[in-house]
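Next come two complexes, and both contain chain A; in the first it sits with chain B, in the second with chain C.
Presenting the complex of A and B:
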C-alpha cells in the first residue's frame, strides 16, 4: 500500500490509490463470487460430507465426515489416475511443441497458398473434441481402417482401444487434436519479432539455422512456455476425448482423473467422494500454474514490482 | 473507513439484486398460474423415431387438455446420465418436472433419493390400478409392494434375433433354449466367413446383462440381502461362457471385442451371422434396413444356465432383465393429482397401443400387450416381457452393474490374445465383489 503522502503528491496527476473507484469492480466481484468462489467453497464443503444418492435430498444434513473422502480417494484408484493423467499431459505437451513451432516457422514468411496451409493446420483444433474422438474410435476399431492398412504393410495392429496400448492411443489422438494450439501461440510470438531484428541478423550474415536458434526461438520462449502451461492443463482436464474413445468404465490404462471423477459422481453417485477427487485434481493443476506465475511474474502490474 | 463500508454495502446490494434476479427467473419457470395448469413431464428422447414421438406428444397433450383443461409440457433427455443429473438438481432444489419416465434399472436409484411419491392404494387407483399392468412389469416399482414408486409405462424386454435362412441351412429347426444349445448351434453355424453368434463385448451395458441372466438362472441373484455374491462359481462360469464363445468355441467374429451393441446389430444385419444374442424390438428398423430383411426373427433368450440341461430348483426362469420405463411422480410437485391423471391416461390400453404404433415400445398395459400377440413376430418379445425378472432393488445396483461390466472391460486385452486366464478372472471378480459389497454396505 502506498502511504498517504505520496497519494497526496499524485493527486494532481490523477486519482490517488485510495480514491481509485474500486466500487466499479463490484459487478465483476459479485459475478466472480457467484460463479467461482461460491461453487468452489461448495465443492470444498461437499468433499467433507458423506453426500450420495441417499443423502442428496437433504444435502445440508448429510453427515460431516472430515477427510474420510480424501483418504478413501487415495486408497482407491486416484493415485493411479493422477499418474496416468500427469504423464499423459506431459508427454502430449512435449510432443506437440516441436510440431507447433515447426508449423509456425513454416508459415511465417509469405508464399503462395500460405493462407490455405494455415487454415488446414487449424482443422484439428476447430473440430469438436467429440467429433475427433468418434472418428478416431471408428478408425481404431480392431477391424478398422488403421489395422487394415497396417496389415497390408505386414504389421499386426492389435488393440488400440483396450489394454496397455490404449494409453498411447490417447496420447496420439490428443497430440493430433492439440498441436495447433502450440502453433497458434508460436505464430503469435513470431508476429511480435521486430522486422529490424531479421534485417540486422541478415546484415550480420547469419545463416538460417543461427537465425532460427539465436534470434527467433528466444522470442518464442515466453509465448510457448505459456502455451505449454495452458496445453498441459487442457490435457489434464480433457474428459470428452477419453470418454468418447474408450467409454465408461474405462480400461485401467486410460482411467484419467476426469474419468474417475465422472464415474464416481454420475455412475456411482458418490458426490462427496468425487468432490474430494476434484479438489485433489484442482490442487494438482494449481501447482504448475503457481510455478509459472511465480517464474514469469505475470501478476506484476504496471506500477512495478510487488512482493 | 466509511468508504470501505460503503463498498461493502454496494457489493452486498449488487449480490442481493443478482440473487433476487436469479430467483425470479427460477420462479418464472414453474409457471402454471392462471386457469390452465401446466404439467411438466421428463421423458427420454427418441432418436430413432423423433417425428413420430413428437406427434404422439402432441396428440396426448390434446387429449389431456380435453380431459382436464391442463396442458402438458414434455421435456426430453438424451441419455440416462442427463436424466440422473436432472433428477439430482430437481431433488436438491425441490423444483422441476412433475412426472419422470425413468428407466427400470435407474428406478432403485431414483427411489433411494426419497424424492418420489409412494403409491398407496388410493394413488394406485388414481393411476388406473395395479391390475391393468403386466404383472412382471411391476417387479421393479419398489423394494416391496408397500413401497412402490414406479408405475410401468413401457416394456423393452431383451431377446435374441436369429437369421432364419442360416439356421434352416444348418438344419436347425428351432432356436436354442439353453445356453449350451446356443453354443452348439453357434458352432454348427460357424464356417468360412460366417459366424454363429454376434456379441458386443465392448458395450457398456450388455456384458452384465448376460452374466446376471445366467447367474439368476443358476440360482444366484447376485445380491442376497446386503451381501454381494459375485465371487461365486456360478458367476465365474457365466463369465467363462461369455468369454468362451470367442476364445474357446471361436463362434464369434474376433472383431467383436471392439463392438458396442449397435455395431453387433449392424454386423448381424450383414446376413453372415446366425444369432445376435441381446437386442430388443427397437432394432427392427436397423435389421430391416440390412441384408437380413425378411430373414430374421426374434427368439427368447435361453433360460437354462450354462452347463445344465434343466434349471436347478432355485434357478429362476429369467428371459430378460425387467427393462423399460417407469413413471414416477415427484413428491415436491404441486400438481400431483394432475400427474396421476396423466399417468392414468398414458397407461390406458388405447394410448399404449398408439405409443407402440408411434415408436415401437411394447405396452406395459396387459390388455394392450395381449392384443399385440396377433403379430407372430412379437410373440417371443411379449413372452420375454412376461418372463422378465427385476434386477435387485437396491440403490447400490448402479455400482454393481458397473463393477460387473468392468470385469469384461479389463479382460478385453486377454480376449484379444485368445484366453482369459483363471487367475486374472479370479482377481477381477474379487475386485468386482469388493466394489459391489462396499456399495451395498453404504446402502441406506
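Presenting the complex of A and C:
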C-alpha cells in the first residue's frame, strides 16, 4: 500500500493542474452518504441504546445504556449462533471447492456438448436463492419426494427441516447452490494457464495426475483462495436460505447470525439488542473481508499502471 | 482428436465422463423433478410420483389465484427496474470520477465500495427500518410499506455494487480515448455521455442487470419493508411455500410452478445477456 500511495501522490500533482470535476461525485456520493453511511453510524448508535417497540416511535429519546446490549447478547444465544454460522460457512466453503475445481478441470478441454454441460453447471448459480430454498423446502417435506425416494431404498428419511438434521440440510442445500461460484472462479484461473505449460508437460509425457497437481492446480491457488474468502463471506451473511428453508424463528440448530439478528429485531422487537448482535457479526466478517481487501488491488488509476 | 489435443487432456476419458455425469446428475435430477412436479397435479405430486401420471398445465393457471404472485411479480419488476436504472446511471458517473481523478479519500471510497458488499444485510436493514418508520413520526411521511421505500433500501447495496462494476470496467478504458475530446475543449459531461457511455454500454448494462438481480433475489428487506400490496415475488413465493405445512392437501405442484415462474425473469436475463454478462467486463476499449 505504501508504494501505491506514493505513486498516487506523484500523479496527483500532475492531474491537479487540470480541473477535477468532483461535482460529478455529488449525486452518487450524497445518496450513498444518506442511505449507507448515516444508517451504518445509526446502527452503531442503536446498539448502545435500549430501543424496543415502545421507544421505536421516538428513538431519539431512547435511554443510552452503553455496552449492556453487548453483554446481554453474549449472555444469550449469540455465542451459539456464532458457532453455527462459522462452522456452517467453513464446511460449505470446504465442500464446494472440490466440486468447483473438478467441474472447471472437466470442462477445460473442448468436446462436443461442452457448452451444454457448462450451461447445466450454471443452473444452481442462476436460480435465485429464494427459489432454490423454496423448492428444496418442498422436496424435503416429511411427505416430500426426498423421503419417498429414500423409503423406496429402505431408508427412513425422517425430518429434514427441524431437529438436529436441519443443520446438515442447510449445509447440503448451500453446497448445491454455491459450488458453481467456485467453478466460475476456477475456470477463470484455468484460462490463465499458458499453452506452453501444457506443451511442456505433454512433451515430458507426464501422467495426468502429476500434471494436474503439479502443473495446473498451482495456477488455481490464487483465484480459488480468493473465491473461498468471498464464498465464506457469502455463507456467513446468507439470510435467504435459512429463512426460506426453515422460517423464522429458525430451529435452534440452524439459528445462524442473520437469523438471530432478524428474529431479535423484527419478532422480539429488541432493536438495540439486535443491533449489538449485528455489529458483532460485522466484526466477524471483517476478518475474511480484510484478507480479501488486501488481496484485491484497488488503486488502479490508469490502465498503463496495472501490474 | 489430434495427438497434441490428446496430450493436452487434463483428465483421462473415463474420469472425465464420470465427473461430468455425476456433476450434471447432481444439478439436473432436482431440476428435472421441479419441472416435472410443476407439470403434474397436486394429487400426483402428493402421492410421490417422480414422473407425472398425467401432464397438465393446471398448476400454472391455478397459482394466479392461490398465491399472490401477480402482485409480487409486478412490484418486483417495477422496483428492480428502477433500482437498475438508478444504480447504473449514478454508478457510471461516480465510477468515472473515481477512476480518472485522484482526490483525498478516493482509496477509502474504493475500499468502502468493495467492503459494503460484505456488510451483513441485517446490519443495514435495522437502521434503515428505524429511519423509515420514524420518518412517519418526525416528518409525517409514510415510507415503510411503499415501493419507493423499498427502492431506496435496495439502492443501499445495489448502488455500491454497480459503482464497483463500473470502476473495474472503466479503469481498463485507455485515457487516450477521451484526450481528443478534451483537446477540443469538450466539457466533462460531454466527454462522459458522448465518449465514455457509448464505449462502456455493455458494462453499464451489466451493472444494471446485477443491480436488478440483487433486488429481485432479496427476501430480507422485502419481508420487513413491504405490505401485502407492495410485496415482491420473493416474499410472495416464500410465503406460499411456507403455508404448505400441516394443510389438508399440500399443493406442491403449484409451489414448483410458482418457483419456476419467479425464476423465469432471472433465467431469461442470463440467456439474453449471457454474452455481456460474461464478456462485458473483459471487453477492451480499443480493438
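Quick note on the criterion: the second predicted complex is superposed on the first by the 253 of 307 C-alpha atoms of A that agree within 3 Å, B and C clash if a C-alpha of one lies under 4 Å from a C-alpha of the other, contacts with A are read in each partner's own complex, and residues count from 1 in each chain.
The rule is short, and it goes like this: a residue touches a chain if its C-beta (ideal position, glycine included) is under 8 Å from a C-beta of that chain, and two chains touch if they have at least 3 such contacts.
The model shown is predicted, which means the values in this text are computed figures rather than measured ones.
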{"item": "Chain B versus chain C as contact partner of A:77, first or second or both or neither", "value": "neither"}
{"item": "First (chain B), second (chain C), both or neither touched by A:39", "value": "second"}
{"item": "Partner chain(s) touched by A:266 [first = chain B, second = chain C, both, neither]", "value": "both"}
{"item": "Contacts of A:59 with chain B and chain C, given as first, second, both or neither", "value": "both"}
{"item": "Which of chain B and chain C A:141 touches, first, second, both or neither", "value": "both"}
{"item": "Partner chain(s) touched by A:121 [first = chain B, second = chain C, both, neither]", "value": "second"}
{"item": "Per-residue contact with chain A, leading partner among chain C and chain B", "value": "C"}
{"item": "Which superposed partner A:29 touches (first chain B, second chain C, both, neither)", "value": "both"}
{"item": "First (chain B), second (chain C), both or neither touched by A:247", "value": "both"}
{"item": "Which of chain B and chain C A:51 touches, first, second, both or neither", "value": "second"}
{"item": "Intersection of the chain A residues that touch chain B with those that touch chain C", "value": "22, 27, 29, 31, 56-57, 59, 141, 143-144, 247, 266"}
{"item": "Chain B-facing residues of chain A, complex", "value": "18, 22-23, 26-27, 29-31, 33-34, 52-57, 59, 141-144, 158-159, 161-164, 247-252, 263, 266-269"}
{"item": "Chain B residues within the chain A interface of the complex", "value": "3, 6-7, 10-11, 14-15, 18-19, 81, 84-85, 88, 91-92, 109, 112-115, 202, 204, 253-255, 257-258, 260, 395, 398-399, 402, 405-406, 409-410, 412-413, 416, 439, 442-444"}
{"item": "In the complex, chain C residues that touch chain A", "value": "4-5, 7-12, 15-16, 19-20, 23-24, 26-28, 30-31, 33-34, 37, 45-46, 48, 50, 90-91, 93-94, 96-99, 101-103, 106-107, 110-111, 114-116, 118-124, 126-131, 133-134, 137, 152-153, 155-156, 159-160, 163, 171-175, 188-189, 192, 213, 216-220, 223-224, 234, 237-238, 240-242, 244-245, 250, 252, 255-256, 259-260, 262-263, 266-267, 270"}
{"item": "Residue ranges of chain A touching chain C (in the complex, touch as defined)", "value": "4-5, 8, 11-12, 15, 20-22, 24-25, 27-29, 31-32, 35-36, 38-40, 42-43, 46, 51, 56-59, 99, 102-103, 105-109, 117, 120-124, 126-131, 133-139, 141, 143-145, 148-149, 176, 198, 202, 208, 211-212, 216, 233, 236-237, 239-240, 243-244, 247, 257-258, 261-262, 265-266, 271, 274-275, 278-279, 281-282, 285, 288-289, 292-293, 296, 298-303, 306"}
